[in-house]
């Protein structure tokens, strides 16, 4: 009669549970969507970036910025205070609003702006890829397609609010969607022409040895960068929620947690686009090459952190523009995006094709 | 559980009472009230309701020299996302309506600072036929005397309000559904009755 | 003073130019007052505009309660003519207090538009043919009081209040005592 | 933000019967009307892009067809209140309409009363008045720039404008004892003499501001985004500016050379050497540039004032008529502190019968006072027309034809200050 030692059993159970949790965490869809570079990383980054934005602007403007909340941390906890205040404030739903889209759109917008992060590779190791190998060959295409989903819900928000400023704001947003999307996608696709592959892994591997596509093809990078600025309503293109013209644009009627979600959405979208730009132009995880059979830490955590760190730099640059520029008018922004950014993207694409032929 | 007859019985206490107890447990266990009060203290966002000439000093308070953003107060645009009204001086009859509407548009918990002698009791314009006393329109937490008050005085008022909030003014409305210590005044006459817009 | 002589010369010139239209020309401190009958206001204004007075600085209404009239004045001057810019001319006309009906000069001087609206809400003066006559600064219920008129009195500090006569006070006191 | 979803029409607004010349709109502002339903947007009074006023705009697509300024949200009835107050008490009262430009706002009142009294301030008092006026003018322009920056989403300009304004506010505080509400000019002179090292501080401030103006140009006025927003926006032609009776920088940006300081020099302005900047374009950018140029000219005047103040040191700052009545104790106070304490003298001041009209050039333009005295201690009638009130008419005529997003750009360029307009 064989007997099972209690000790062994316990050990087995513990180890199974532990490794089960680790496996679950590092299961690519969960890891990328929820942890890095997904929700958790995005939240941490957004909070830090907003803090940085406020502090950097204050620096330019000869003052301190947020400070008293935690003088030792230079006011870093300010955003947590704001978050707590927003989370517990009363949520007002106007009687004239269309309730279901009014409530659901902010959350859809948030989730959909995170989606592109769930289909991109953040490591060259095969098991970390969130899609099947055959789907992975088209990851650029899929990610680019997914970035276009969330703006529709911003338009829906403005429409559901039934407020005049919201209506004007969502109208502006819908104008801008058409204006930037083409440029952004063509800008990112110009690397496809250079590398001859829709696979992000190939694109990043192509950029080894400091041969970043952003350096080879700066025009496309610039086009993608500007298009990202327009898409995430960063200065100087903060048009759809221009505070001095149309209060808060589509978000005018949102209060409490719902507005907190809305405010986060724009930044999270900027974060997702920054990650895409890092992968396409700035070498991804590239200075670091994980061993082919690397485990959770070396094969997944470290490269994803490298990608995130690069994306943070890109995002900080975008946020810093607030201190320098005013905002464009809607027709001027459309003019710029159709006449110059689109031309820039096409030129970048042409350059990408040429380089793909030569290299 | 089964009783002696074998019938199944579910013992349920007073639901309201247990819910109350669970809430208290949550509040005490997680210190939720402390967290909320801390968050609200450092996130008093005043609304851009510029009502009168004290607005000059209000703007200077958020300027580089006095920089009230240090206290986490950021002037914001839309009433739905703010929780503080700074009444900057005289409230005229026309503005009274806007003040009341803005106050009602703001989500709870919300606070008010009355800035300047005019907001206290009329000041220089005490006998004008076109002004109202702000405390008849909305409840005021902190008064700042002066004509106009210096930016330091307004910054001090913000700190004073932070002290009031820290005592539990925000959490008690959110968690316990209690009324604010300063109730909203009942309007004797509708300030917006003549509104033509 | 030379500036006074200039004013005199200028007022005489104005008299010559305007002729019968005006009944009185006075030199005041800082401006020249020309008075005209209410029927001739528009004509005079047109003439003044022809001379070169191209904008209204102030529409000044004074309530002369004792005489039972409103004095409606237009302080006009010039921007484009540099010689005229030195002078401010007030075109004054009077209307009875109980029937304050004045022809609007907005179509001659567009810059008078808002100020005529203010006179309308403050004094209740109706400007005939004004394109957009409604209160500008006050809410309608306050404007109905016609607060700028002299018979609308705002209360003042105690020091300025007229005290009751001494006899009355003493008699009241004695009554109470009794 | 006050919005009423039910009513889509503004009652009592009938413009159809009104024609100016041939067109309803001023030249260059014609609009093609489309036969669509219009969208009424109420901007203000709680709105970051409107301040203390409301603009009711009718929108056709993204183009404003009609704008109706709704003023009076800060109307504190100064004209009526001053009919019941002693002459000296009116100075702090009327000061409140433009506390960032306090000296300029009260000076014409003081001048008008002085005209009635038949006296003139002594030389040094005139220089001190000019000094404070110019300090206030610069401070007011910087305030305008700050607000303009906010309207265009340029928060750095707001912070810089307000930060540098503090220097001037502090100078004024050193001179008068109050940050904003100076009540400095009084009948027959000024309230206080300049403190010891005032002129040195003034010169230091002038040097600093000259340097900063260059920064503003680089950061704000020559910023490509700002230029694009302002160029060719809100054009007011010379003819239109004259017809509308605009004042101040808005008038001079449209090519009309009119400045009370030059046309009818008051105080000591005829002794100073300065130019009147005039721009021909008449758009928002020109209005911004006029202010920059004016700040430069004001700095020039201040430099000359500083020299004059050094020369006239120790001279009288009060007219003899009042100075003779000053008790010896107060004279000692003046010798020790340079402060005049004369209030009891003015409380019983009776002004001779008469009418007076005075105008000065405030930061935002010409401000006029009409004062009528019936020989008592209170005026019979005080009529104030402030520059912002005269500029308010621009909202009605300069905004239609532009896009909604242009509204803040045009509004900011007017440098409109509602408490001043509403009085």
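Annotations for the structure displayed:
Each chain carries a letter (A, B, C and D) given by its place in the written order, and its residues are counted from 1.
What we mean here is this: a contact is a pair of C-beta atoms (placed from the backbone, for glycine too) under 8 Å apart; a residue touches a chain by one contact, two chains touch by 3 or more.
All values derive from a computational prediction rather than experimental measurement.
Listing every chain that touches chain B and chain D alike gives A, C. Here B-C and A-D were compared by C-beta pairs in contact; the pair with more is A-D. Greatest Cα centroid separation from chain A: this falls to C.
Core chain by CA centroid proximity to the global CA centroid: D. Mean C-alpha position of chain B lies 46 Å from that of chain C.
Chain A and chain C have centres, each the mean of its CA atoms, that are 65 Å apart.
Chain geometry summary: the mean Cα position of chain A and that of chain D are 47 Å apart. In terms of their C-alpha centroids, the spacing between chain C and chain D amounts to 24 Å. For chain B, the set of residues touching two or more other chains reads 63-65, 77-78, 94, 105, 127-130, 196.
In chain A, the residues that reach two or more other chains under the touch definition are 61-63, 243-244, 247, 252. Touching of two or more other chains is recorded for residues 1, 12, 42, 47-48, 72, 75, 77, 80-81, 84, 159-160, 163, 422 of chain D. Across the assembly, chains come into contact as A-B, A-D, B-C, B-D, C-D. Taken together, the chain D residues at the contact with chain C in this complex read 12-15, 17-18, 20, 71-72, 75, 77, 79-81, 84-85, 112, 115-116, 241-245, 251, 256-258, 263-264, 354-359, 366, 368, 370, 372, 380-381, 383, 385, 389-390, 392-393, 422. Residue ranges on chain A touching chain B, taken from their complex, read 54, 58, 61-69, 75, 77-78, 80-92, 243-244, 247-248, 251-256, 259. Here chain D touches chain B in the complex through residues 1-2, 4, 7, 10-12, 42, 45-48, 51-52, 54, 56, 70, 72-77, 80-81, 84, 92-93, 96-100, 143, 146-147, 158-160, 162-163, 165-166, 169, 179-181, 419, 422, going by the rule given at the top. Residue ranges on chain C touching chain D, taken from their complex, read 28-31, 33, 54-58, 60, 62-63, 75, 79-80, 82, 85-86, 88, 90, 107, 109-115, 122, 131-132, 134-139, 147-148, 152, 154, 156, 160. On the chain C side of its complex with chain B, the touching residues are 138-142, 145, 147, 152, 154-157.
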